[in-house]
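First the structure, then my questions, so here it is.
Naming follows writing order (A, B, C and D), and every chain is counted from residue 1.
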Amino acid sequence: MQKIPVVIVGANGYSGEELVRLLLRHPGVELRAVTSRSEAGKALTEVMPRFRGWPGADGIRFIGSEAAGIAATGAQVAFLALPHGLAAEFAGPLLAAGLRVVDLSADFRLRDAAVYEEFYGHAHPAPELLGEAVYGMPELHRARIGQARLVASPGCYPTSIILPLVPLLRRGLVDPESLIANSLSGTSGAGRKADVSLLFAECNESVQAYGVPKHRHLSEIEQELGAAAGRPLCLSFTPHLLPVTRGILTTLYATPAAGVDFSQIGEALRTDWGAEPFVRLLGERGALPRLADVVGTNFLDLAWRFDPRTRRVLLFSAEDNLVKGAAGQAVQAFNLLTGQTETTGLL
Amino acid sequence: MQKIPVVIVGANGYSGEELVRLLLRHPGVELRAVTSRSEAGKALTEVMPRFRGWPGADGIRFIGSEAAGIAATGAQVAFLALPHGLAAEFAGPLLAAGLRVVDLSADFRLRDAAVYEEFYGHAHPAPELLGEAVYGMPELHRARIGQARLVASPGCYPTSIILPLVPLLRRGLVDPESLIANSLSGTSGAGRKADVSLLFAECNESVQAYGVPKHRHLSEIEQELGAAAGRPLCLSFTPHLLPVTRGILTTLYATPAAGVDFSQIGEALRTDWGAEPFVRLLGERGALPRLADVVGTNFLDLAWRFDPRTRRVLLFSAEDNLVKGAAGQAVQAFNLLTGQTETTGLL
Amino acid sequence: MQKIPVVIVGANGYSGEELVRLLLRHPGVELRAVTSRSEAGKALTEVMPRFRGWPGADGIRFIGSEAAGIAATGAQVAFLALPHGLAAEFAGPLLAAGLRVVDLSADFRLRDAAVYEEFYGHAHPAPELLGEAVYGMPELHRARIGQARLVASPGCYPTSIILPLVPLLRRGLVDPESLIANSLSGTSGAGRKADVSLLFAECNESVQAYGVPKHRHLSEIEQELGAAAGRPLCLSFTPHLLPVTRGILTTLYATPAAGVDFSQIGEALRTDWGAEPFVRLLGERGALPRLADVVGTNFLDLAWRFDPRTRRVLLFSAEDNLVKGAAGQAVQAFNLLTGQTETTGLL
Amino acid sequence: MQKIPVVIVGANGYSGEELVRLLLRHPGVELRAVTSRSEAGKALTEVMPRFRGWPGADGIRFIGSEAAGIAATGAQVAFLALPHGLAAEFAGPLLAAGLRVVDLSADFRLRDAAVYEEFYGHAHPAPELLGEAVYGMPELHRARIGQARLVASPGCYPTSIILPLVPLLRRGLVDPESLIANSLSGTSGAGRKADVSLLFAECNESVQAYGVPKHRHLSEIEQELGAAAGRPLCLSFTPHLLPVTRGILTTLYATPAAGVDFSQIGEALRTDWGAEPFVRLLGERGALPRLADVVGTNFLDLAWRFDPRTRRVLLFSAEDNLVKGAAGQAVQAFNLLTGQTETTGLL
């Protein structure tokens, strides 16, 4: 298999490290370099000792993050694993240098710069690129991702919410005003940053909600759900910090539209996602999704139930926030972008 | 202080062990014995080595669970920390022997034997006692608990749901059809039983929902909430198993009734619970409840938020499932029952 | 690549499940069936939902554990992931049926049936096979494993102790009477069994030593270390149960023999293991091994230090108890046995 | 009971917070104020919401850390819960202002300023106070603590090592050259500091050794053990970072002196510690110490075993690093210092 040369920009966070893991094992990729301002000059395995002895890891070095240097590696694709706001500064120069870009930050996920400003609190740093950026969820935008120069890989929470609800909203099966998403995330979702609130002794044996009622991720969730529903919508979204390293479990509540039979819910999910390689439908009976079954994989597990007493539908999704919720989904988009089999390096 | 002689029936589960911890430190209690069929004859500290060296622990022994033997200890009050279904068999004989009973199981929490049968799947074993049993939540039934012979101490999940919602339902501030309770519980809530699904290697680094859509605890939740609302109601309740030992965090969703201003929510909570010693109101701003702040204590922490986008009210409660959710609340009722200061041994 | 048909006997414990994970991804293996008395007849993915959607997993079923049925699958190699004592009953019939056997239990690790009886408390169930069984540690017995019909894959603790010490004992660099191994293991090492002491609420936020002073694993540790030293030896070995799911960290203490310079320790380790694909030498400076770097991999990380104050050498090793300590090492032996590249399916 | 007014200097680390917990519940203490440069002016319960609703907590405020301000509160005793090096600057002025001082840092634990400089890398900041400081381990220095103006409360690791070994060294029962201490500590021992290596996602599901071979705590361990042995000695001490919040488990190895019978070990421990309220002797048989039994208490649990194969004695100790290893032991010394019953507020 011909290997495509790539670079990871900002590799020393948790998503960046997970990209290293996936790309080192990807048979269609040659990882040319990783970048980090603070680690430039060091070997990859010095900064991330877990990759010592991995095939292909020994020759890789950290370089600086300038577009010219990145282009000089011969990379055809750059993955951006940078903090929100910073990624937008790198995308333009890299595109100009002829690379294609898969951005894992939130910077290009919204089509509307005004919504970005409302949720992120400052003007968008590169609004001219919003038009061509494609929201990188293959289950929704497979064809467009294949043609894109710039892919905005979805957020971790949004992935766990959008995939269960889109089939229902597309068909008008649930009331768009009734949606509630209660999400639990491992602490790696908060990033590798020196913050007292993320210390082991603070998070362990505890759990709490945060970021309510208007978490930034709502903007992309509502954009994609609204597109499916054919009308704008608002939902309740409550993220919680969980004492696990990886994984998101989302419990969703929705009220069926008038006249809808519960069996239509399952039909919609099976019709839309039944052939998807990374959505596993557990159905309306049997086991409910659990983190342990998805951690380390690119799968999203999905089950649903009807509660005849309250007439609500419940949906449950589980994913690894760093894989299907970040690096894995980005590789999935990369595979589409470069004409490879979509599952390459991910199963 | 005069010490009241008590016995714990079924002391080797997690709630029973927590009762031992609280009662050994209670200045108004003399723990005469603990019972367990399997451990009868052993010293308390042999079965529970953590209590070696605690004042009062050394002389306590496990005895059998027969009512006559329990009465022979001279105990005036018996705490029942037995599995559901079994407690009902013990309560009658102990009451007949002149003891008062604080039962931590679900057996006497429901006023209606038919509801018990619907949710627990078999006829109630002692329906003749349901009439006099008092639901042991002091914040709701303080005066009646003080006069009771038989107290049915509330469930752990119900406590975390009833206390936030009752003030709102009493005043008609929220739509009774809109209620959703999303609860997360530590694994001690499932009891000390040899079950593969509760192994460390199964629960650790994972989380999952269970018992949906009709968990048994719904029966007592709906009984008490319905009483507050003045009409029957149904709610969605989704428990999740969390990788912590202790603690419950519940996130509640409700839609305000027409014309209700959000400030009325806080007023209702402050009016009803502002003087309660074990309900800590964190308010509509500032920190949200977290397990780490309540574990090991009898406090329930409570905060609330309004989401103007969805027009929903969110409430967040945290408690230790073994203390305010079980043994601590039972001791609180015991204090009322025996004429002691309600907070004795709990602060 | 030609795929070798294999069966896993006793697949529903933690080692068996890890074998499934590794063998499904192994390009030179066709997993024909898995066996379990209790699950016979079910699909693999019904019992282990985490493998839904994995290539090759969907057609695999649980069958009974009789040798004839296993042979009828056409398997050429059987992996035994059975409890100690039970494996010995299966090995003979499977060998007689023409399969080669990689046994993950302790049953064939000792060359001397009397030592087995001393440490395991009963007579060896198949002593006639001990002569041909090869201790399946490729770093020690690579050539013999390649020719073996019956491989006794090493224990998890022994692997973490033998690999650091053998190079030193071979050269007489340390006093054989001075050895102390202090080991910490995740709870998966205790197996998937319904035992109260392994519950999450018991293991979490705790740690304790167990099995001292004569843990069964000492027998194989001393066999292999004695062979390296050229004389019988005894060591102190203290296992501890750690609140993690996977991984072993061993801290070793040894006194250098008279006249030995510390640099000789590093030379010996580098000479013997420097070219080993799964032993990563972290050296006498820099980072010490940690579980997080090896979990999920077949690597054993190894570092060493000299303490001039006490004149002791310290060695530190880390491995995943289910991979290098069990299923991964078994696959490594399988690769040798079947003439494949030793690292196939493991990097 | 007459209440003694006290102040906690540096209350927002983990040891300081634990002091708050213990002192609020202490019947012979009135906590006048807590100090912190960064939190001065705030209410205690604003910074540490877990203390809302605790009796006595509501009126307490954070003040600045100047000696004059502390003296102005009328406090008779100051607890210093400051980083090493900083405490020494506060002790002198507070003593000069007439307070007695219980210091939880390492600053006054060593009698010899040269040893301090060797292990801490800089000259001692207040060597003139070393002469009068008393090492605050009641089991060793009870009488002197009662008379002290300045108590140097022992380190967490040292407590877990000194208490098991002193009775053996006093009597010459073990070879002083043979001692090895392998210790495991929860992450709270590293303090509440914003350090990436202490993040939940770094510590969780991992474990590693650190600080070898010459951890700073060796200096006080060897001082106290040498005093017991009547001669200087060196030992091996290997601390490990454990994925729990609280607790230290130490496993000790020693070789009995010639002619010593194992029963003498138990006799020595029972003679010296049998009447100690906070040392629980589990003996040479039965259960081994585990963190879960001591966390939250001031107990140190201690068991011992003889290994006839290697002729080594093993000792196992468990404690809560923040209680017996820090704040609890400091309160124990405070009780002695102020003429109260030693166990007040600690059982």
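Note that in this section a contact is a pair of C-beta atoms (placed from the backbone, for glycine too) under 8 Å apart; a residue touches a chain by one contact, two chains touch by 3 or more.
The shown structure was predicted, so the numbers you read here are calculated from the model rather than taken from an experiment.
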{"item": "Path length in the contact graph (subunit B to subunit D, fewest steps)", "value": "1"}
{"item": "Chain whose Cα centroid lies at the greatest distance from that of subunit D", "value": "A"}
{"item": "Whole-Å gap between the CA centroids of subunit A and subunit D", "value": "46"}
{"item": "Geometric centre distance via CA averages, subunit C-subunit A, whole Å", "value": "37"}
{"item": "Rounded Å distance between subunit A and subunit B, as computed from the means of their C-alpha atoms", "value": "40"}
{"item": "Touching two or more other chains - residue numbers and ranges from subunit B", "value": "202, 205, 243-245, 292"}
{"item": "Residue ranges of subunit D touching subunit C (in the complex, touch as defined)", "value": "177, 180, 182, 184, 202, 205-210, 212-214, 234-236, 238, 240, 242-247, 249, 251, 253, 288-292, 295, 305-310, 312, 314, 316, 318"}
{"item": "Subunit D to subunit B touching residues, read off their complex", "value": "49-50, 52-55, 205, 277-278, 280, 282, 287, 292-294, 296-297, 299, 347"}
{"item": "Contacting residues of subunit A [partner subunit D, same complex]", "value": "14, 186-188, 192-196, 198-205, 243-245"}
